[in-house]
């Protein structure tokens, strides 16, 4: 199995609801390093998984939809705890949708899986892995 | 599949038995960066895998049982090569035991897997992966 | 010249005023990795710059005063752009005040300089350096 | 499942053919950080996956076969896009061949899988995973 | 003294002349992580050293002038060993020229120093530091 | 001012004397990532600070004199707290002695300064800086 991974980052504000979150129930923020991994069993005709430049561009667009925002004010996340693991799924699903629409090229239809990891600090990170 | 990972570190002395280890047969030491990854297929009611604060606290307690010690003097490791990969299993099994006892909360009973990685330097690390 | 550095992290929300900041004028957030470096020309009687455990504890207390907060709501920062470089100075000055009060021990009075670096992402960081 | 990983690096020149590569069609170069992960379900008689020193030595020899070269001039890569993901497979297959010949010791015949990751920068990397 | 640092990267081919370089006399290549640090004693009216977005943009333009090239073919480097430390100076001097021309804004005229670090691998890097 | 830095690592056992060290008074150990930085105002005739290969080799030899040892048993460290900052000075002074003897080549006599940083974990490190 082959994969390539590209990294971007995201700076957001948000708060959590639930006693388990302690002081993180207050409005605070995070820089998330966002790693998107694309997988396929065989390389395409150019001998690649997917073009790293194109993967970087699409990840950048997904990230920019949330960047420099207070997620508590985003209608799409109303009533939802925007935990690191949940946001990893949001990024993965939005990338999957773009792949399905051909944004990563026709060759990218050979992709079979996707993992997104969000690092919230040097000591904590979360991932979501899905098939395509 | 979702996961979260938390990091701590551990500073121990030990020695190895067996010619394969060369100079590492002498008493020496290591800082291990310890990464514990918790996995589950669906998020819990708080929209998380497990509370990162609680996971950090439990990992810290497992680490503190070995920290600042000469593992050659620990009865539980008598006659055992405390290799990086072996210690990854020790940390994983002790975390699994704590999860089983409810230390990570009732929601953590939904966890299905655990991976522990110990980095012994910037150029070598080891992992142990198990189910829960 | 000798130095020791300890690392912690901080998760805050804030916004900036001024066209130069573009989308960062919106309420957003950041994880800051916080590195505090303590300098002195000679080691103390214990052969150290300052105790790493004590330095870590004091840095942790300075960090906790700002952690999990919206800096726009903190009276002490009213009307101030809480840029990464400015916050590096805030952390440095608060550490210097603690050193002056003896929080790092009597031996720490031999410290002559302090640098604080805040990493806002894997591609941007800021520092403030001062004498003691 | 247990694993150990060792890291080395590689500095090569090459160029790509195909419009998808844009400016990377020109002769350029890369430093690849090369991580080789060796897996097995149970530890060997020395309580290890494989000797880290020996794994490092064999990875170093595989790397040195390509290091400080223009891959466009290597007959074995004639007409091939030496993408990061393709080179990860080259390193993995050459390590597998060495394992088969006993270069990692008789105990290493218990290895069941191998993953090689090549980091081409701090924001992009590729992997190839195979069985043994 | 305040500073901010921004990071980019650069992928080039080149070769060296001189026996000291051993196998690096052959045409090979490198990824350089490029860190540019901007220093000034006091913050500007926006409470910053220089805008991180603008600094990132200008560093990106300096990097793009060399990116994806064989430096042996660049007339400006004819007869020159394009060592990591030399290239750090090239990047620093080109940034200094841009600052002088106002590319980082009028406020950036308060900058007093500049350091550029090029990482050629995880185990070697070089820096050049200059005044402005 | 120019500099180059090379990295190696070191795995030792030791213990500390003094109440300030708490549990680190017990025999324990550490992996130290060792970074040696060599400085000079102008490049040499080969357009370098010092050969990175040669610097790596000499650092490796200094490191190997202490590697895989219990520093409490080394006569040269008898009665001394082998703190991270103290060991940074040991490595720097031994490198300086080698430079003085010509081990880094005649050109290396142009070096004017040296800094050694020892990372004891991902959250603590120490440096010693000296002239040559």
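Going in written order, the chains are labelled A, B, C, D, E and F, and every chain counts its residues from 1.
As a working rule, a residue touches a chain if its C-beta (ideal position, glycine included) is under 8 Å from a C-beta of that chain, and two chains touch if they have at least 3 such contacts.
What you are looking at is a predicted structure, and each value in this text was computed from that prediction instead of being measured.
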What's the fewest number of moves from chain B to chain F, given that each move must go to a chain touching the current one?
-> 1
Proportion of interface numbers common to chain E and chain F (over half same, under half different) = different
From the centre of chain D, which chain's CA centre is farthest?
-> C
Reference interface A-D: repeating pair among B-F, E-F or A-C with over half of contacts shared | E-F
Give, as an integer number of Å, the spacing between the C-alpha centres of chain E and chain D.
-> 30
Residue list for chain E, restricted to those that touch at least two other chains | 7, 120, 122-123
So in the complex, which bits of chain D are touching chain B?
-> 1-8, 43, 46-49, 51-54, 56, 105
Chain E partner contacts - residues on chain C that touch it in the complex | 16, 18, 20-22, 80-86, 88-89, 120, 122-130
In the complex, chain E touches chain D at residues 7, 9, 11-14, 23-24, 26-33, 67-70, 73, 120-123
